[in-house]
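Going by the order they are written in, the chains are A, B, C and D; count residues from 1 in each one.
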Amino acid sequence: MIWFNCDYSEGAHPRILERLAQTNFEQTAGYGNDPYCLQAAERIKQLCQAPQAQVHFLCGGTQTNLTVLAACSRPYQSIISPVSGHINVHEAGAIEATGHRIEALPHENGKITAAQIARVCKAHWEDDNPEFAPQPRTVYISFPTEYGTLYSLQELQDIRRVCDENHLFLFIDGARLGYGLTAPGNNVTLADIAALADVFYIGGTKIGALLGEAVVIVNPKLQKDFRYFMKQKGGILAKGRLLGIQFLTLFEDGLYLQLAQHANDMAALIKTVCKQAGFSFLYDSPTNQQFPILPNEMIAELEETYAFAHMGRVDNRHRAIRICTSWATRKEDVEQLTADLQKLAEKYHVAHRVSLIER
Amino acid sequence: MIWFNCDYSEGAHPRILERLAQTNFEQTAGYGNDPYCLQAAERIKQLCQAPQAQVHFLCGGTQTNLTVLAACSRPYQSIISPVSGHINVHEAGAIEATGHRIEALPHENGKITAAQIARVCKAHWEDDNPEFAPQPRTVYISFPTEYGTLYSLQELQDIRRVCDENHLFLFIDGARLGYGLTAPGNNVTLADIAALADVFYIGGTKIGALLGEAVVIVNPKLQKDFRYFMKQKGGILAKGRLLGIQFLTLFEDGLYLQLAQHANDMAALIKTVCKQAGFSFLYDSPTNQQFPILPNEMIAELEETYAFAHMGRVDNRHRAIRICTSWATRKEDVEQLTADLQKLAEKYHVAHRVSLIER
Amino acid sequence: MIWFNCDYSEGAHPRILERLAQTNFEQTAGYGNDPYCLQAAERIKQLCQAPQAQVHFLCGGTQTNLTVLAACSRPYQSIISPVSGHINVHEAGAIEATGHRIEALPHENGKITAAQIARVCKAHWEDDNPEFAPQPRTVYISFPTEYGTLYSLQELQDIRRVCDENHLFLFIDGARLGYGLTAPGNNVTLADIAALADVFYIGGTKIGALLGEAVVIVNPKLQKDFRYFMKQKGGILAKGRLLGIQFLTLFEDGLYLQLAQHANDMAALIKTVCKQAGFSFLYDSPTNQQFPILPNEMIAELEETYAFAHMGRVDNRHRAIRICTSWATRKEDVEQLTADLQKLAEKYHVAHRVSLIER
Amino acid sequence: MIWFNCDYSEGAHPRILERLAQTNFEQTAGYGNDPYCLQAAERIKQLCQAPQAQVHFLCGGTQTNLTVLAACSRPYQSIISPVSGHINVHEAGAIEATGHRIEALPHENGKITAAQIARVCKAHWEDDNPEFAPQPRTVYISFPTEYGTLYSLQELQDIRRVCDENHLFLFIDGARLGYGLTAPGNNVTLADIAALADVFYIGGTKIGALLGEAVVIVNPKLQKDFRYFMKQKGGILAKGRLLGIQFLTLFEDGLYLQLAQHANDMAALIKTVCKQAGFSFLYDSPTNQQFPILPNEMIAELEETYAFAHMGRVDNRHRAIRICTSWATRKEDVEQLTADLQKLAEKYHVAHRVSLIER
C-alpha cells in the first residue's frame, strides 16, 4: 500500500533526526528554557518580522488550540469558527471542555467571511439581554483551511478590520501553514499572518517534525502568563529542547518552506491529472490536500493500492476522496498514482463535469 | 558545569534515536494505532502480568495525571494525595482545572498511610451532609515519591485494602517508576504495581526517552472511553509511533530497568560518600534523588561546578539540596562529585548529625 | 402598559403567599430536608406514578438544566438539542461552561425527530475515530418547546426508542410543563412524561410560583449523588422549604394545572381572534405563547398599549411577535387586547395569508 | 424541640412577606431589571458610601461565592482562604469545579493575617518557575468568620495593603455581615468594608430574608460583564424582584441591622450565662454563633430539649457545641435555655477552665 491518507504517516525530516543525535548528550535546562528553544523562537520572530512577539512550543494541534483559546477567553466568551473548523469537528469537544462555546458559522470552501463575523457580533450586542448568550471574543480560522483552501490577503484584512471593530482576537490555526504559504496563487506572507493575527501557530507535525507546533503570540495581552496556561494544560515538555531543536532545524535555513513546497508540487501533479481526466473537485485546493470526485468503481479499484480518506457521497455514482501529500511524499509514488488515475479514468468512461455538491 | 539538577537534562538513550532513524520512512497509521504502539502495549501488559489491561501512551507527567484523574472522577469527586504529591504542588492547578479538589494529607517522607486515607473517608461519610464536601474517589500516590522514597509492598497492600473498603480508585504516579523498581531494599515488582493499582503509569521521560509515559489501565471501569479523554485533553499524538517506538525499545529487552539501575548505582555512590562524611539527609531515599543536608558555605562552593536543586533551610548553618542522577549520568562526573564532596567536607569541618528537619 | 411579554411578570399565586405566611415561624431543617419538601416530593411522585423516582427542588431553569446535564454526562459526552433549545440559545453558555458540547440539530417548530437523533448517533459510531468527536449521551427537548409547540405521544415514544437503542438519556425541560399538559389536542400525560424521560422537570417559576423547578429523576443511574451536583452548583437553598411549600401548594389539589389551563384559555382567545382576522402564525402553538405575524404598522400601534416580544422580520411588511399569557393574566386585559386586534386588523386592511417563513 | 442549630430555621421577617403580598400583582421586568432591584441597589450603594459600586442579587452563599470567584480569576489563578473558610469546607468543591485551586492557610479563630498572605505571594513569585503553581489572585475571608469572630479594622487594612502590594483582589464573604457590623467591640463599618474590599456581599438568607445575597462590586475591573457570570451560573432569577423587594425592605429603614442586633443580644445572654457558669469557649465570638465547651453528660441532657450543632471533642469529658441565634430567635426560648444552662452547670459540678483546644 502507498499512503496518501494524511500528512503525518512518516517520521521526521532526516536533518531533524541527525540534529537530535548530535545534541543528544548536551545537558540543557528543561521546560523550554534551553538554548535551542530560545534560538528557534528568535529565528521565528525574525521571519515573522515581529520582534515583540512571544514564541512557545507545544506538542500538537488540539493541545495548541485548547491552550491558546483558554488564554483568549473569559469563561462567558465564545469562539467564532467555521462549522468545518478543526476545533468544531475533530477535537473531542476540547474547547467546550475548557468551558467555551464555539459559535459555528456556515462555511464556503472551509472559509468564513468578515461579513458573517460582523453579523454575529451585531446580533449579540443588539440583543436586549446580551448576557443571556456567550459573548463573541475570538475568531478562529485555519490557513490553509481544513479543505486545503486559502484566504486571500484582502479577506484576512477584512476579517482583521471586523475584529478590531468588535473587540475580537484573531487566532489563525496554522497546522499546515507552510503548505499555504508556498501554494500557487497565495498572496499572504508569514509576516502578513503575524501582522494580522493576535496569535497563530506554525505547524511542525505535518511539515517535517516528529511533533510540535510553534505558537506565535503577537498581542501583548495574550502574552502575559501564557506559560501558566501551557503548564496547566500539560503542555510544557520536560525535555523542551526536543521541540526547539526541530523548529531551529526547520527554520534556520528555509527547510520548512522547501518541504511544504515539495508537498504542494506533488499535489499539483495529482490535481492536474484529475483535471485533465475531467474530474471535478469537492473543494478547489491549491495546497497539499486534493479532493477529487471520482466514480465509485474507480475508488474501489484505487483502494487496492492506495490509502486515502473518504469525503462522502456526491451523487449515486460518485464519491469524493481526499488525497494528501506531505514533505515525505516520494515522487515515484505520485507518478504511479497519476498513471493509475489516467488509466482508470479511461477504463470507467467517467461522466465528466460532476456537479460540485458538498457532502 | 556538571548538571545533577534533574533527570531530564539530556536527550534519549542512543538506541531510541537509532530506532527512530531506522523506522523513519515507514508509513504507519496515526494516533497510536501503529504497530509499534501495539507491540509496546503488548510487551508492557506481558511484563505487568496483566493481559486484560489497556496501555496508552501520553507525552508527559502533568498531561498524564490530569487525563487519568479526569477519567477517574465525576465532577463532585476529589483526589486524596500527599501534600507533597506532584499534582498538589507542581502542576499549576491542572487537576483543579479539570474541576476536582485535591484532598491533601500530611505526608511522612513523601508518603501517606492507609490509616490516613481511611480517616478521610470515615469523616466524609459520617458527616450529616456528606454532599456538602467533595466525595473522596481516588487515591494518588507516587512510586517512588517526589522525595525518592518508596512504599513497601505491605504499605501498598494496606492502601489497596482501604481503597477496596471505601470504593476508591488507586492511581500510582510512576514518572520515576524504574528508579523505584530497581532500588536497593525495594520489595515491590512491576506485577505488584499492576495487581494493586487501578491505573498507573510508567515514566519514560525521566528514564531514557525523549518524552512519553505509558499509562496502564488495569480496572475495566477506567478503560472504557479513555481515548476520548486523551483526545479531549490534547494527548493523542498524530505521529503516535514516536511514543510506541520508544517504549518498545525500552521494554523489549530490559533496557528500561538497566538504565534505572545505573542511575540508582550512581546515586548510591553519592549517598555513601555523604554518609561517610557524616552528613544527614532530608529524606532517606534509596533511588536516584538524594537530599543531603550540607553547610551553607559548602553548598556555595559546590555550585561553582555543579548544578543541583535547593530544598530549603534546615538551620542557620545548613541547607538541604537535591542531587539527581539519571540513566545518562556519567560515572566520571559522579567520581568527580564524590571526590569534591569528600574534600569539601573536610574543609568545612562540618558539624555532623544535623537533625532531620523538613523544610 | 399591559404586559404580555412573558409568563413571569407577576409574583406568585396568592395561596402560595398565604402558605408562606402561615408557616413562617415554624422551625424546620434546612437544605430541602424539611417536611414540606418531603411532602411535595411524595405528592409529585404519586402524580407521576413513579414511586421509585427522586424529586429535588431547584431555583430556576438555567440552574436546573446545567445541574441535570452535568449529572448526565461524562466530560467527553455531548447533549443533542434542537438549535432552538433554551440551553443552546439563552443560557450564556452554561452547558459549555460545565464542559459539554451541545450538538444542535435543525428544528421544525422547535422540535427534533427520532430519526435526526438516530442519524447523529450512527454518524458518530461509524466514524473511524469516534473518540475525535464528543460522544452523544443525552437528548434535551422541551415540552412545550420554546415556540409553544408540543411533541405527540408517538413522537416522544419514537425518541425514547432511539434513546434506548443508542444508550442515550432523555431529559425533558418542563419549564412550562403545565401549559403543555393542559393544551388542546395534547395527548401526553404527566405519567407519560415520567415513563418516557430519564429525568425531567416541572416548572414552577412560570406557572404560579415565586421561583422553583421540581426535578424528577426517574432513572436510578442519575439519582445517585445528585445532591452533590446540586450543592456544587449552588443549587441547595438554606431555606429549602421555600420551594417545598410552593410545590406542595401547587400540587396538593390540582392548582398547578388549573393555573396552566387558565393561561392556555387566555391564549386561545387571542389565537382565535388573530386567525379570524386572517393572520398567520410563525409557529402553530396550542399553549400560552402565540406567535402571530402582523403588519409592521399594526405592531407599532399595539406597542403603545401592550408589551410583547419581537420574533423578527417575516417579509418587507410583516413581522412576527410573541404574545405570552400566564396563570396571572387577567381576562379583562385579554378582552381589551382581542378587541384592539380586531379593530387594528380592519384599520390596516392587512394582506392575509402571509406565508409562514421562519425568522 | 427548640432550635438553636442554625440561623435559617424560620422563614422571613413578616414585613418582607407583607411587601411581597402588596406588590404581588404588579407587572415588572424580569431578571433583576425591575424597580425594586434598582431601588434596593441604590439604597445599598448609598449605605456603603460607594456610588460607583455595582450591586447584584443572588440566591445563596455558595452560588455567590462561585460566581464572584469565577469573575475574579483567570483559569490559572488561585484563591487564598483560611482552611476554615466556607468555600474550603462546605461547598462541595464548587470553587474547584470552576477550575480554581483554593490555597488554604492555617487559621487562628477562623482568621488569617496579612503576613500569611504576603508569605504565600513571596514564595510564589520567588520560585524559579512560578508558572508551575497556580498564581495567587484573590483573598477570600469572611466577616464574621465561620466561627463568629471578627477582623478588626486594622487587620482588614493590613490585608488590604498586602493585597495592593501583591496585585490581589480582596473578597469578603458577608453571609452573616449584619451580625458582624452590630457586634459588641466591632470597629468596622459597612462603609469600611466597601472601601477595603474589591467585592463583598451582604447576606440576606441568614438575616431576615427568605433567600438572597447582595453582591457589592466596588472594583470596576470586576464589574464588567458580571451579569454574564451570573447568567452562566444559573444565578439570574426570572422574577428577580423577589430579591429586590426583600433587600429594599431590609435596608430602606434599618431593619437589617435591627434584626442582626437582636440575634447578637440573644447570643450575648447565652454567652454571659456560660461564662458565669465557668465554661470556656472554643472560639471567642461576639456574634450570633457561640461555641461553649460543655461536659458530655450536660450536652446529652440539653439535646433532649434543644437542637444545636456539634463541634467535636475537646477532651475526654468535654465537647464543644455551636449555639446559633438569629433575627427570629424568641426571647422566651433564650431565657429557657439560659435557665437550663445554669441549672445543668450546677448539676454536673463542671470542671471549669477547660483549656481552649481546637477541634
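Of note:
Note that a residue touches a chain if its C-beta (ideal position, glycine included) is under 8 Å from a C-beta of that chain, and two chains touch if they have at least 3 such contacts.
This structure is a prediction, so every number in the text was calculated from the model and none was measured.
The chains touching chain B as well as chain D are A, C.
Distance between Cα centroids is largest for the pairing of chain D with A. Here A-D and A-B are compared, and the pair linked by more C-beta contacts is A-B.
Distance between chain A and chain C, defined via averaged C-alpha coordinates, is recorded as 42 Å.
We define each chain's centre as the mean of its Cα atoms; on that basis chain A and chain B are separated by 35 Å. The distance from the centre of chain A to the centre of chain D, with each centre set as the mean of the Cα atoms, comes to 52 Å. Contacts with at least two other chains are made by residues 75-76, 91-93, 97-99, 131-132, 134, 228, 231-232 of chain D.
Across the complex, chain A is touched by residues 75-76, 78, 89-93, 96-102, 131-134 of chain C.
Chain A makes touch with chain D in their complex at residues 31, 70, 74-76, 98-99, 129, 131-132, 134-135, 225, 227-232. In the complex of the two chains, the chain D residues touching chain C come out as 1-3, 6, 8-12, 14, 17, 20-21, 23-30, 59-67, 91-94, 97, 205-206, 210-211, 228, 231-239, 241-242, 328.
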